[in-house]
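After this come two complexes, each holding subunit A, first together with subunit B and then together with subunit C.
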Partner chain A sequence: MSISFYILSALMLAGGLGAVMLRNAVHCALSLSVAFTGLALLFLQLDAQFAGLAQILVYVGAVAILVVFAILLTRTSEEIGESNVFSRTWLIGLILAAAVFAVLGWAVLRTAPMFPQPSAAPPVTVQEIGSALMGRYVLPLEIVALLLTAALIGAVIVATHEKEGAK
Partner chain B sequence: MSPLAGYLLVAALLFAIGLAGALTRRNAILVLIGIELMLNAANLNLIAFWRFGPHPEALTGMMFAVFSIAVAAAEAAVGLGLVISIHRHLKTVDLDEINRMKG
Partner chain C sequence: MMQTLDRIFILLRDWLVHFLPSAWRAPAGTVLSVIAIIGLFPALFALTTVLERKGLGRMQNRLGPNRTGPLGILQPVADGIKALTKEDVVPFRADAIVHFLAPLLLVVVVFMGFAVLPMGRNMVLVDMDAGLLFFFAMGASTELSIFMAGWSSRNKYSLLGAMRAVAQMISYEIVLLLSSVAVVMTAGSLSLTKIVEAQNTYSFGLPHWYIFTPWGLLAFAMYAIAAMAETNRTPFDLPEGESELVAGYFTEYSGFKFALFFLGEYLGMFSISGLGTTLFLGGWSAPFSFLGWVPSWIWFFSKVMLSICVFIWLRGTLPRLRQDQLMNFAWKFVLPITLFNLLVTAIWRFLGPGWPRWFVCTALVVGIYVVMGETGMRRGKFGPRSYRYAE
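After this line comes the complex of A and B, so read on.
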């Protein structure tokens, strides 16, 4: 376990905690982009350069900005000074999340002795990824293209203004 | 502790943080943020298993993660569009107040 793994994990988990704990929603969105960046750096640490850069492009560049836009569009004046940002059933949610983490951690630690020893980094070039996308994974690629088109059209239709009385 | 176990534990912790956010926040957008964190934890698992698995040259896990990132982007766009639409109809994004399905 290298020291950079611990630093990056601490950065990412701090960003994630901030994203769900902070009171101001805009601060949550900024903290979320810190978590996404930390995760992208962890991907780079795992020799997955393509996935790490895709993570930065898609999440930090698009999803985080989209979240900030949505927060600013839906912000109402009384909500800014609101004291209670957690739901009435927050204790049950917290207990559920802790239980899920306990089960996952128990499963990982129980099976840890069977994990394979770390091997040398696989030499993966972007050219290989491109050939795989155009060869073996061409059908999923086309389906994702269709899905993204459908999601784009759907999001625009859902979020556009309706005419008065057309409802 | 092997590196794979470390990455899996970090991913489990991130998943639990996202789940806690999705279950405890009142603002619908912050619930979506929690869901995004959970998706990212799954991606970290996929990449870690790809890197430390027996056949990393097959690229399967990394392709899975890349497609998962694309699907998550579509999910975020549609989800935030729905939140904006709800806000237009009900003038709130507080999930404790949105408790009926009739528009």
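After this line comes the complex of A and C, so read on.
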């Protein structure tokens, strides 16, 4: 619980709050990228170099771009602007969010004594990740690859407009 | 004496830091190295703008800038004064915060890419175990800043240019990463210092640079193509082509912000050339073993400037690719070759050292190039161009 953890958490919370409370949709997407970067920095602070850098590469470099493209291409230019950020059913939303947080907190706190002290955790190198992926977790890896390929093909098929008549 | 010259910057930094109390020495050393990088690469950028304009001018049968100083050498000074004194025009309906942050983000992210390049023996700012991944993570963040620049200007040309640029950069980033994976497979590490040290061995006086291997040559060619596309250089500069899109995603930027974008683009060129040098051309190692007495940083910067000269040469020579040609080229030609190159690298590694692997891998490399050239260059029918859009 060092000072950098608090700073990074504040950054992430600011990014997340901005993502839900800003009025302009593209501003929300950019604020979400700040939250992603904060998460990547938290990974780096925990010495998980591969996870942190892959987080930046994948989330900020691809997912954030995808989100802004989706916002851009599905709205006309006049609609991008103000929208009401507080919904009318905010009380139910608050109760649900509190319930989810309670479940997650209970799960984390219950399993916390099982893990050793932070100083005893071995540093995970990229080589160990690679060996684990190719050794113990090779079946989940292949299944995820198949799933991603299916999603890609499905997205192209769903999005492409089939023209009847002339090509 | 040559050992001292090789380590002269390290010795200089240690001597300057020596005046401080010992608790402050390590941070102060890092700060000094950062200042050196921030000072050196913009100076090289200034030199490169003159080189480029004179070089392009001579290739286009005209003189380049020749009024400011002898042979136009003081042109960057004139450009800098112009950029600093121009009025900073922000369009009325533009998104002011995002418009302001876009060039800032670009320059910050590009400077951070320099942190992991080994510029000489023991001369890397941060020796990360996953240094290559860090570099690519920083490269991926530049796409976001280009998109921010294009969108915040509320200008159709800017938005079109930004979207083209982002599509191009995402497509070629896959090629960039996969061609570097071949190097990582052979060197066995993501750390850039280890990759350079793996290439620093000599046999019969010739170096073991990865470009001199069949898979390395193919990977270097693909890396060079992807590097030109990542930095939006001709022949891939449709997003910023002057005759196509006014000025693409930096149409609405004037004065110092435009200078920052320009700086960011050229620094991106430097850093990607630096990475290409580290991965394929042996980083700071000398071309022949008897030239090992020359300081290592001289070799690194010579190779980077050579790559920059090749960039400028290609800019003056090749015509611009159209957007659909560019994307076709990436997905249908370069990417399959890069994937096949991974297979060739694996075969190279597992056949073990000796003569057979040279024959097999050279045959495979030439074969895939010929096959892809035949299938890719074949045109089905010359009818009116037809498009399929995604809704």
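Simple rule for what comes next: the second predicted complex is superposed on the first by the 126 of 167 C-alpha atoms of A that agree within 3 Å, B and C clash if a C-alpha of one lies under 4 Å from a C-alpha of the other, contacts with A are read in each partner's own complex, and residues count from 1 in each chain.
The definition used in the following text is that contacts are C-beta pairs under 8 Å (C-beta built on N, C-alpha and C of every residue); 3 or more make two chains touch, one makes a residue touch a chain.
These figures come from a predicted structure and were not determined experimentally.
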TODO: Mind working out whether A:65 is in touch with subunit B, subunit C, both or neither, as first, second, both or neither?
DONE: second
- [ ] Could you tell me if A:50 is touching subunit B, subunit C, both of them or neither one (first, second, both, neither)?
- [x] both
Task: In the superposition, subunit B vs subunit C on subunit A residues touched - done: B
Open item on the list: For A:147, using the defined touch cut-off, is the partner it touches subunit B, subunit C, both, or neither? Pick first, second, both or neither.
Closed with: first
- [ ] State whether A:159 touches subunit B only (first), subunit C only (second), both chains, or neither.
- [x] both
Open item on the list: Let me test your reading of the model: by the given contact rule, A:7 touches which partner, first (subunit B), second (subunit C), both or neither?
Closed with: neither
TODO: May I ask you to decide whether A:125 touches subunit B, subunit C, both, or neither, giving the answer as first, second, both or neither?
DONE: second
TODO: Report for A:26: first if it touches subunit B alone, second if subunit C alone, otherwise both or neither.
DONE: second
TODO: Mind working out whether A:134 is in touch with subunit B, subunit C, both or neither, as first, second, both or neither?
DONE: neither
- [ ] Show which residues of subunit A both subunit B and subunit C reach, each in its own complex.
- [x] 50, 54, 62, 69, 156, 159, 161, 167
Task: Contact footprint of subunit B on subunit A as seen in their complex - done: 1, 5, 9, 12-13, 16-17, 19-21, 25, 28-29, 32, 35-36, 39, 42-43, 46-48, 50-51, 54-55, 58-59, 62-63, 66-67, 69-71, 73-74, 76, 79, 84-90, 92-94, 96-98, 100-101, 104-105, 108-109, 112, 115-119, 121-122, 124, 128-129, 132-133, 137, 140, 144, 147-148, 150-152, 154-156, 158-159, 161, 167
Open item on the list: Looking at the complex, which residues from subunit B come into contact with subunit A?
Closed with: 1-10, 12-27, 29-30, 32-34, 36-37, 40, 43-44, 47-48, 50-54, 56-57, 59, 62-63, 65-67, 69-78, 80-85, 87-88, 91-96, 103
TODO: Using the touch rule from the top, collect the residues of subunit C that touch subunit A in their complex.
DONE: 95, 98, 128-130, 133-134, 136-141, 143-144, 147-148, 151, 159, 163, 166, 170, 173, 190, 386, 388-391
Open item on the list: Going by the contact rule set out above, which residues of subunit A touch subunit C in the complex?
Closed with: 24, 26-27, 30, 33, 40, 49-50, 53-54, 56-57, 60-62, 64-65, 68-69, 72, 125-126, 156, 159-161, 163, 167
